[in-house]
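What follows is subunit A paired twice: with subunit B in the first complex and subunit C in the second.
What follows is the complex of A and B.
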């Protein structure tokens, strides 16, 4: 097996706690990402799925080297990203590019589109203004826009068009990896699929790998070959897209799947019932991520004592993925099989009783 | 593969190749530059200030040409103090016989030079310093700000004296000192603005693109913090003119040979026992110049600020409209005794940059049954949100809504007295918005905000209202209602804040609840709980819900009936199961196909090519024809009316001959261990 393009190894990211209302009060630090390891092969797409506060965006920002992990290492090609000093090498900036969610805020409102796209060309290829303009025009055409838009300001475009401009700017440096942070979640559904189709076509044309950060598992399933599910600072499940979305092995993944509403009223009726069975306690991750237990324990319908005592070791699933969940080694002993085989609720009794077969 | 590529070139990209199609608000911003100047020119006070300042500049430049006198020793009468008008001296002379008018003109020169020097020094020091500490933050910021605080604490005059002691007297040295003090004000301002701008994604984008820190600061951040900087610079100019006058009056600014206004005041003091007159012209000159800079600065600030607010200054109500003479449109399907009957709603906005009107909502008819959840679906720019707002009388200025009839629970609302209307709306219609945290006032406890409508509309006492608010909190599933009621909005998560909004909307037991994208800002697992809550409330209390959303999945979860809007018109309406299973309009079919569902991927994702066109491009025929895969010659003839087809109404010329695909054609979710849906019926 060849080396992966991006290798995130056991990364933990900590934000220092701020100061409290009184000068001597210090708030505890926030562990945004804990012990995450992920790989992306060249030309491949990894989906990073999770809700707000899960740490997915923070991890993306660490790959972009906007922040430095507390521990662990990130390697991209020949770059030791965590080893960079204060100055990030320009060559690295050329290798990794980013597209953000917000199509309004991500383009400088005081620059014309031509200047926005030309900027990386001039920085990384030292192009003069006419060569950069020529190439910027080509890039605009590549993302399905017209060359004469070069002289317009970002606010003259619709959300989908602005996202195309952001993609054109990102592709200008011919990057090996594109970090896509919720690239379509602010767009209308019809525009969403246009942008996704565009991103896929561009991947075929340029061979860039994608790290797609998103909250919508259905969108991610359609775009990614592999998916990592994050919950409150931890990756809890990792595997092939179709396996994750049809045979989830972590209770949180199943809850996420049940929570995506389906437009078919009959299907949605089933899903919403399942969702009600699975949703326990207060929804939404809140507070600080625990260090020594499973962060999902408070909401998990299958929670056991062991879940509050330690964070589980990775377990291979039956379909070749990885899951971090005590259900597979203690209690009902799923051993890598889908979690949906457990009837929600009934396992509560099992869990509180000592595991007889353990 | 080649198929996929062809499909992309043909469909997905075709729309994007059309001209930029901003939605109305965006294009309003489109004319930013010209509208900024137009707004500034309309501000009469600011313009008066600007005109005065232009005159001052002219006086300063052409001072030697404007009078025949000399700046210093103007007259032959060195010891005579002429009164105004005497011996041809329009404003008289001072105690050594110098022409006051001449000195006023030359004084403008010194005022402007002094002001420019001080402001220039302030900018040259303050802007880079503020940019740097705002951008790098951390220890640079901490040390920098301490320095700023120390410099600001030293009185400007003392600073000026210190510098003059070191460098010698003179106007330039004095203004150097003033500029140094001012630079700290600029530093603070720039730092605060950079703090805010640094959070913008375009700054991260520029860093990712490889721009150096210096480039990010100067090229990306500075232009966007320029507006407040320009305003502050204008105001500082006024202060510099004052400071120059004060220092010159004290004798440490302009020297005796320079006819500065402050120096003139000092000279006037020498003859104060004879007359006060020589002090009056320079006094007025200083006063007017400072006022002019201030009003012009304030005018600039207003012109910039209104830009940010997007011109929203008020809301308007629905005005009555003549019943159209044409045959009544088919009645929307639904119950026989609906709670809300809306007929012929039109909403027009002035077209940006022009005087003409454009219609953004046209002839909308809606019936909402009692206890029914009616979904209004469409993409952004379809007019669904503004339709909901018009029911509350909240059409944003300068929009104009008109309707033939809005009947709520048997009462006609159109044409009703404003106060009665406000009363009815407060009590009988509740509304929840997309961003709960933005819709709650951060300065008051949530309990107080929930209690307010109870006290206003139901006349409850403070204690009763509080008790009721606690009950409502419990009802919408907020844990610990007794404690949480005294919390502030920022102490709630998004989902909990939305529950507070719902409690507020339900407080007066409304008959109709308008929910505008109630779950869009929430996490998907929280969204589920919110849908359950709204559905449960609708069932148990018999509240009707108008659910405005773009998410067909949310609609399928909650709605009984659905109306699909496209480009200002309802294009299809009917029962949820009918519309989603057998859509009768190609747009509905396209929307359903475009939703990403949990199903195996095959080929390119289906899209609706292109984008919703802006209102001024809506044609007189089918609005959807340009994006429609089934478009034919008859679609281009003229306006299309809603027509009955099956159990639904559709606005499509070809609906009778089209076989459109609904939701069931997509592969159904299959997850091991889950119950499988059984066709149409509800699972047992």
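What follows is the complex of A and C.
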């Protein structure tokens, strides 16, 4: 296998604590991402899913080099991203681009669309204004908009159109990697699928790799070749999209899947019952990510003593993915098989028996 | 844009009429009798009545007002009851002085305020930001006439760098004019600059967190260009709004500063007119200040439209 395009190796990102309301109060630091390793091949799409606060956006920002990891390394092509000093090479900015969640906030309201798209062209390709304008027009057409929109302001467009403009702008530098930070979650459902289809078509046309950050597994499954599931600063499961969605090996992935609503009321009824069984405690990662235990232990229905004592080592799953869960080595010894096997055999009581407090 | 301009100017006419009407009738609450002030304490009732008839203040108020309005619309604001000068001539001498002071101090306020505000935002939470925050609290708290006195004493008298008071003869060259203006403008502009710095800081911090600033960085623009091209223009919108309010405050504040530096401006003229119930002078003063505020706000509206495409008329 050839070298991956993006190689995130054992990255930990820590935010300093800052000061509290009182001058002598010092807030503890926040571990947003802990020991995460991910790879993306050229032209591939990796989905990064997880609830808000799981650290997925933070990881995306580290790839964009808006922040610097505490430890670990990020490499993109020939660039050693973590080795950059204060000044990020312009050449790297050309290689990686970003599309943000909110298409209202990501376009400068005081610039016309043509200027927004032309700016990177002039920086990275040294185009003069007429050449940049011509290319910007082409890019607009490529994302399904009309050329004469170049002279309009962002506020004159709908949400979906603005997101298309953001995509056109991101593609202007002909990047190798596009970080898509929740690119469709601010759009309504009918527009979501249009933008997703657009992104897929553009990937075929340009060959750019995508890091797709999302909280909606349905969107990610549709688009991504591989999926990484993050929970509260850790990647807990990694694998091919279909395997993750059909045969989840981590209890959190299973919970995520159970929370995708189903259009059929009968199916949905069963699903929501299942979700209530799976979810323990309060939804949403709260407090600070633990360093020496599994962050999901508080909510996991299968929690064991060992889960509170150490974070599990990576275990290969039966389908070729990777899972970080003690269930596979201790207790029921799943050994890479899906969690659903636990529920199938009535071994659930046994499995969670050692849990002191449910 | 032209339509916006014309409509704003047309809207200003009834506004100024209303201001003049309001001030005329409000001023009647002042118990001072201008005739008595002119004639002195030992004037008899007969000569007072004669003086009142001469000034025209023995007529009904509505008639007096109508009379003033009729001549005002053709540009005649009457004569000063106390020194017999044409009000328009007096205003013509004083308007440039006060206007240059107000605009000078507005420039001081915007220059100092936005420079420090932007600096504080870029260094948010660190020592430059903290220093600027404390300094701006001080700037807001200290009255402008006190700053004026301190500047006049130290810069004017001790260091002798700049004139401590307005020259008694009208400054004959632009350089001397500017020289005389610097200290009054700084004294007047400091507190406005503190307010502007705070607004600039908070709106700049808000803009710097927006995704389009991140996008601009991701495009590969150097930080300086991201700030100058993408951030400042958007952060300027609330600052411009604030500058509009500050202009009215500066006109009010100019009265005190004029007293400190002995500047022959509108402020003294207006205060004097109020104290002595000098009606033609008072109305002239009010018309001019209202016009200045209106013009400043039209200019700000236009720059607002330039800064923010969303409020541009179709």
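FYI, the second predicted complex is superposed on the first by the 344 of 358 C-alpha atoms of A that agree within 3 Å, B and C clash if a C-alpha of one lies under 4 Å from a C-alpha of the other, contacts with A are read in each partner's own complex, and residues count from 1 in each chain.
As a convention for this text, a contact is a pair of C-beta atoms (placed from the backbone, for glycine too) under 8 Å apart; a residue touches a chain by one contact, two chains touch by 3 or more.
Owing to the predicted nature of the structure, the values given are computational and were not obtained by experimental measurement.
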Problem set entry | subunit A as common anchor, with subunit B and subunit C clashing or fitting | clash
For this session: Decide which partner touches more residues of subunit A, taking subunit B and subunit C as the two options.
Result: B
For this session: Based on the superposed arrangement, let me know which partner A:341 touches: subunit B (first), subunit C (second), both, or neither?
Result: first
Exercise. Thinking of the overlay built on chain A, is A:109 touched by subunit B (first), by subunit C (second), by both, or by neither?
Worked result: both
For this session: Could you look at A:218 and tell me whether it touches subunit B, subunit C, both or neither (first, second, both, neither)?
Result: first
Exercise. Looking at the overlay, does A:305 come into contact with subunit B only (first), subunit C only (second), both, or neither?
Worked result: neither
Exercise. After superposition on the shared chain, which partner residues are touched by A:145: those of subunit B (first), subunit C (second), both, or neither?
Worked result: first
Exercise. Clash with subunit C: which of subunit B's stretches 19-27, 181-189 or 577-585?
Worked result: 181-189
For this session: Jot down the residues of subunit A that show up as touching in both complexes, subunit B in one and subunit C in the other.
Result: 64, 66, 90, 93-94, 96-98, 100-102, 105-111, 119-120, 123-124, 153, 155, 166, 169, 173
Exercise. In their shared complex, at which residues does subunit C touch subunit A?
Worked result: 210-212, 214-221, 230, 233-234, 307-310
For this session: Would you tell me which residues of subunit A are touching subunit C in their complex?
Result: 64, 66, 90, 93-94, 96-98, 100-102, 105-111, 119-120, 123-124, 153, 155, 166, 169, 173
Problem set entry | Complex contacts: residues of subunit A adjacent to subunit B | 51-52, 64, 66, 90, 93-94, 96-98, 100-102, 105-111, 119-120, 123-124, 143-146, 149, 152-153, 155-161, 164, 166, 169-170, 172-173, 188-194, 196-198, 200-201, 204, 215-219, 221-222, 242, 245-248, 254-276, 279, 282-284, 286, 338, 340-342
Exercise. What residues of subunit B sit close enough to touch subunit A in their complex?
Worked result: 1, 4-5, 8, 12-13, 15-17, 20-23, 26-27, 29-30, 32, 200-202, 204-211, 215, 220, 223-224, 379-380, 479, 493-495, 523-529, 531-532, 550-557, 576-577, 580, 590-592, 594-598, 600-601, 604-609, 611-612, 663-664, 666, 668-683
